[in-house]
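For clarity, chains are labelled A, B, C and D in written order, and residue numbers in each chain start from 1.
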C-alpha cells in the first residue's frame, strides 16, 4: 500500500449507463474541472454554501460503469461535441488518454426486461444474452467488486444514469429484500428489471445507490428496507433538472399571492437517445407521472395539468419546454404566465449527479444510512418526503449542512479525522 | 356612541389616487367580495395561512381618499370595465349607490411638484392651484380628520396609490421630521412633492402609512424617524405585483443550482394612465431603479441586467412583460429561460393593497410602530431589509404570524379583547 | 310581393350549429356592424380590396339554422359574454328582440352517427331520436325550404359550423350523388353522418354549401359531383383562422431564404365545447390531419411535424397555440423561431364565415357553380387546389376579383342588373 | 493570358469589413461549400428556383477586402468558433492555408468620420491616421485595382459589410457625383464617411456595389446617379435577415384578414461587436429607422410601433428578438401574437451576401446597371421600390429570373457565350 492511499481517500463512481450522454458529460466535465480548464458552474457542492463540509475532490474520483452499447467514453463525448456542441473539442482531444483509462473500467450491462425500445438501442450481443437473473446479478456484483479492488478504492457509489424503463407493477415480493432476492433466484424475469439488479447489487455490498432515473424498478420498497438494514445511503427518483425544476420554483409564488392556478400545461420536446426512449409510451409513462405530481402537492389543491414529452430529432439533447400557466386573481380575472426553457439535459444533469455522489459519499463517511431525504431538492419524485417546493427542499439541505457543521464543531476535540472511512459493515 | 361602535371596530382606508385604476379596482373588489359575488382570490389575508389572525372584515372598511382628477368611482370603474374588461358590468351596475357613498368621501388632492406628465392628467383647477405647501398640508390633515370623525372610525390607514412621481434628490433637510416640516413651512416647493405631504399628514396624526408607489418623496428618512417616534406603522416602497414578483421567485433557483446568470433582460409594455406616466423618463426613473436592484441582491453577484417600460396604448392595463434570462451551466455551456407575463396590473395590485391595509391595521392594533419589514414580500424595494428573495420574504411574514399566534396564546388569560384599539398617542 | 322585394335581393344564411359559439358570434357581430356599433374588423369583404364587387349588405341577410342543443341565440351570446368577454354586454342587451326573431328560424338538427362526444352535448330528445336517414334528410330540406319561403328569400346559403365529426371511411358509394342517395334511402346509418345529410339537402335544392369544419362526411366526392352537375357553389374544408393561418403565412419565408425546416411542432390548447369535442381522439383525428398537411406542401420536402390539440377548460374559447420551428441555415447551423398565438376562435372564424357566405352568394349570382377554389385562402384543407401558401391563395382571390371587375366592365352595356338572381335550376 | 482565364470567368469579392463576423462566416462558408463539407443551406441562388440562371460557382470567387482591425481571417473565424460555435472547428483547421491566401488580399481600411464607437474598435494606427479624404479615396481605388490585377479577375464586386455608421445629414453636395467628389477633394471630413469613399471608389472604376449596412453615407443620391451614368449595378440598404424578415413575412397576414394591427413592439438583444456598435445611440439610429418603416408600408395605415436593440454581451452573435403584436378582430376584440426569433446574425447574413454578390455579378454580365430593385427581398430598406411585403419582393425576383430565362431562350441562336464579360466601360 502506497503512502498516498493511507492519507487520501479514494472514491469510485460506478455509473449505470456510462456511455450515455449524461454520464459522458459528467466524466468529461469532472476531468476538465479538475484540470482547471472549465469552471465549476452547475455544482452546488462547489459553492460557499458548502464551506466547512468536506466534499470529495473531483480528481480523487475514479470512474467506471456498465453499459449495453459498445462504445468508448471518447467516442460518446465526440458524438456529443458534434451533435450538441456542449463538450468543447480541443480540451476533449487532450483528454483522450484519460478517457481510455475509464474505458478500462467499463463492463457490459443488462437490458433485462427493459422494454423493446431500450433493447433495440443495445448491442446485439447484449440484446441476445439469455443469462439468468441470478447470473446477471452475480456478474454485476463481481464487476463492482473488481473495480473497487483494482483501484484500491475506499468506497464506490453506484448511480443509475441509464434510460428510463417502463414502470414495474409492484407485488408483495417487491416489498422486502428477501422477496426481491427470491424473484432473482427464481429467475422471474417479468418481475425484475435490469435496474432492480443494479440497486440490489450495490446495496448488498454496502455501496450507496442513487436512482437518477424515474424507473421505479430501481428503488423498490424492498431495496429501501435493505438500505436501512445495512445502513447504506440510498436516494431517488428522477433528477430534477429542467422544466420540473422551474415548476417547483415558480409554483409557490402563486400560493404566496393566493392566485389560484387553473391550468398548467407543459410541453417538452427533445431529441437524441433520451427523446427516442421517451417516444415509447411505455417508457414515457414513468417520466410523466414523475413530472406531473409536483404541482398539486405544492399548491395544495387539484388543478388541470398536462405534461407531454415529444421526440424532435433535430434538437438532439437541447431540450425545449413550453409551459402555459393560467391563473385567476382578484375579481376572478384570468391571467397567464408562459415560459420557454431551453437547456441541454446532460449539461443540467451531470453536475447534479456529481453533487449527489459527493453527498452520498459524505453521508456514508459520517455513518448515515437509509433514505437521504435531505437531498430532495435534486429529485422530481424524492424519496422520504412529500415536500415538492424547491425552496423548502433547498433550505432543508442547507439546514442539514449547518447541522453537520455544528456537530463537527462539538466533536472536534474527539474526532479529528476527515475523509476516512467511518463505517464497518 | 351606538352599541355597534363599542363591539365592532371601524376602519377607514384613505387612498391617495382614489380615482385611479388600482384604487377603483380595490374598492369595487372589496365590495363585491363583501357581498359574496366574487371570490377572495388574490387576498393572501383570506387564506388559511392567516388562521387565528384577526384581519379586518372587508365590509367594515370605509373608503375615502384624495384625487387630482374630477371623476366618480363609478365612472372610473365603468371605464375599467370598458377598456380592460376586468370589472364585470352587471355587478358594477348594482354597486352604483354604494360607490356614490365613497364619492362623498373624496377630496381634491395635490400635484405639487409631481412633474409635468402627472400635472397634465390633473383637473385644470388642481393644476392651476397655487396654495402654499403649508396650506396644502393642513388641508390634507383636515380632510382625513373629517373623514374619521364623520364615519366615527377607530383608525384610518393611508395608502399612496397615486402615479409615480420623479425621484426627489434628498438633502439634509429630508433626514429629520423637523427638517421636512421646515421645508413645508418655508414653502420650498422644489424640495417637497405631493406625496411628502400625504405621508407627513398621515403620520403626524397617528395614521399608518403605506407607500405602494416607488416615489421616494413619500417615505423620506425623516418620515421614517417620525413613524418610529410616534410608534405608527409605516411601509413601502412600490408594490411587487408582476414581472418583479416573478423575478424574485425565479432568481433563487439559479442560485440553488449554481447556474450563474449572465444576462437578465426585462421588457414591460403597458397602456393606460400608468403607462402614460411611465413613458415620461423622469417618472420612469423611479420605477426602473426599483425594479432593477432585485437580481444582484438575490444572486449575490453583479450581472448584466436591463429593464425597460414602454407605453403601448392598446394594451390598457393588461401589462405584458417578456424576460430573457441567459445563464451558464456545467462546462460553461450557455442556456436560456424566457417568460411572458400577461397580467392586469390593477387586478394584481388591488388585493395586495387591501392585504397591506389589513396588516398595517393589525400591527397598529397590537401597538407596533415604525417600519413593518415583515411585509417585505409585498414590495419591490422593501424598507428595513435587504432581503429580496420572495421565498425568504414570504416565510418571514409566516414567522411573524406564527409569533403573533404564540403571543396571543400566552396572553389569552390577560387580554381577551380583539379588534379594539390598543394604542394611545 | 312588396316593392322592396323586387328591387332588393334578400339572402338567407342557414347555419348548421346555429347555437354554437361561432354562429352566435357571427350573428351578433353581423347585427352590431349593421347598426354601426362595432367596426367591420375581420371582414375582408369590407375592405377596399372588394371595391366594385357587390357584396350582400349584412342587414339584408336573414339568419336561421339547425342545432342539436336547446338554447336561444341570446342565451348562447350571453354565455359567450360571461365566459370569454368577446361579446360586449350592453349592445347585446339591446339586441335581444332581434335575436329572438332569429330563434324563430331555428330548427332541431341531427346527431346522426356523429360520435359519442357530440351526441352527449345534444339535447336528450335529439340524442334519443331514432328517425331514419331518409326522414331526417327530408326534414332538413323542408326546414330550409320553409325558411326561404317564410322570409321571401332569393337564395339561402348553407354553412356547416357544427362540431367536428370523426372522419368517415369513404367507400364506392360515397363517390357519386346516387350512391349517397342510396345510402340515405337504405338507412345505412354507419355510412352517413349528419353533415352528409345537410350538404345533400342544400345542394339538392340549389343552395350553395360551405363546409367550415374538417368533417369529411360533409363534402364527399359525390357531393362535389352533384354541385358541379347542378351548378351550385360548394367549398371547404375547415376554416383557416388561427395557428394554421400563421403557419401558412410564415412557412414560405423559410423557402425564400433556403432555410430548411427540420422540425415544426405545434401545440394548441383551448377550452369550451370545441375543446371538449376535440379532446375526443376520434373527432380530433379530422382536425389534426387537416392542420398537419400544410407545411410539407408549402416547403416542398418532408419534415418532422407534430400537431396536438389539448383541452384546457379554463381557457374557454381563448385558444392559445405555441409553435416551435427548428431550422438550419448557412454552415448547417441550427436556429429557431417560436410563436405564441392567443386568439379567440369564434372571433377569428365568424367574419370568415360571413365572408364565405357573401362570396358564395356572389358566385351564385354570377351563375358560377362547383368548387370555388378561389376561396382557398380561407381553408386549412381547400378543395380544388393543392396550394397551401397563404400569399398565393390570397392573390388568387384578388385575381378572381379583378377578373370579375374586368368582366363587368366589358358587359356593362348588356347586363345592368346586380344583386338579382342570375340562375335558374 | 492563360488558357484558364479565357474559358472561365474569375470574380473578385471585395468585402469592406473583411475581418468582421459576417465576412469571415461568408468566406469560410463559401470555401466549405466549395469543398462539399457543408450544405448550401441559406443560399437561395443554389436552389431550383435559379435553374437556368448561371450563378458564379463559389470556388471561382476570390476574396479580399479592407478592415480597420489587425487580425487574420483564421483568427477571426477561430474566435467565432469559440464564442458562437457557428463555425465548426475541425473543417476550419483544414482551411487555415486557404484563409492565409485571403489575408494576402486584405488592406487597411478607414474609420473616417465613423463615430467614436467604431473608431475605438479600430487598430490604434488606423485610428490615428490623418490622411486626407482624397488620399484615402485614392488608396482604396488602388487597393481594389491591384487586387483585380494580381488575381487576373474579370470583375470585382464590392460589398459593404462594415459596422453601422451614424446617419449622415445629407446636403445639396451629396445629391450629385460631382458634389461628392468635391467634398472629397476639399477634404470636408464631416460631410463624408468612410463608406462614402468605398462606394465612390467602387463605382468610379466600374465595380458593382452593395450596401449591406444601413449606413446612408454609403449610398447617397450622388452615388446612385453615378451608378446609373456608368451603368454599374448598385443596391442596398441593410440586409434583411432576422426580425425584420419575419415582420415582412407576417404582416401581410393581418392585411389578408382585415385584422387591424394596433401595436407591434420589437425588442432585439445581441452581443459581440455588432451589439457593441449598436449600443451607441448615434449608430443605432441608422438601424432603428431602417427596421421601423416596414410595417406601416405593408399594412397601409399608421400604427404604434417600437423597435429597440440592446447590447447583451453574453449572447455574442446569437441574436434574440421578441416581437409582440396586438391586433383587433371581429367585434373589435383584441388578440395577440408574439414570436421569439433566435438566430445567429452572421449565419443568416452570410449567404445573403453571397447571393447578392452573385446576382450583382449576373446583372453586370448582362449589361444591366443602376439600382437593382429586383433584389428588394434581401433588404430592410430597399432602393428603387416602396414594396416591403416579403412575398411580393420574392416573387419580383422570381419574375426577373423568369424574364432572363425567356430572354436567353430567344437570344440563344445569337449569343451562346455565358460567364464572360458583356460590358465595356
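What we mean here is this: contacts are C-beta pairs under 8 Å (C-beta built on N, C-alpha and C of every residue); 3 or more make two chains touch, one makes a residue touch a chain.
Just so it is clear, the model here is predicted, and its values are computed rather than measured.
Asks: Based on which chains touch which, give the shortest step count from chain A to chain C.
Replies: The fewest touching-chain steps linking chain A to chain C number 1.
Asks: Just send me the rotation angle from a CA overlay of chain B on chain D, rounded to the nearest 5 degrees.
Replies: The rotation relating chain B to chain D comes to 180 degrees.
Asks: Per the centroid of Cα atoms for each chain, what is the distance between chain B and chain D, given in Å?
Replies: The answer is 52 Å.
Asks: How many angstrom between the C-alpha centroids of chain D and chain C?
Replies: Taking the average C-alpha coordinate of chain C and of chain D, the gap between them is 46 Å.
Asks: Measure off the straight-line distance from the CA centroid of chain A to the CA centroid of chain D, and report it in whole Å.
Replies: Result: the chain centres lie 50 Å from each other.
Asks: Could you list which residues of chain D touch at least two other chains?
Replies: Residue numbers touching two or more other chains: 328, 336, 338, 340.
Asks: Mind pulling up the chain C residues that touch chain B in the complex?
Replies: Against chain B, chain C makes touches at 85, 89-90, 340.
Asks: Name, in rising order, each residue of chain C that touches chain D in their complex.
Replies: 25, 28-29, 32, 38-44, 46-47, 86-88, 245-246, 249-250, 252-253, 256-260, 328-333, 335-344, 347-348, 350-352, 377, 390-391, 394
Asks: Write out the stretch or stretches of chain B touching chain D in their complex.
Replies: 262-263, 265, 267, 269, 304, 306, 308, 310, 312-315, 320, 322, 324, 326, 328, 334, 336, 338, 340
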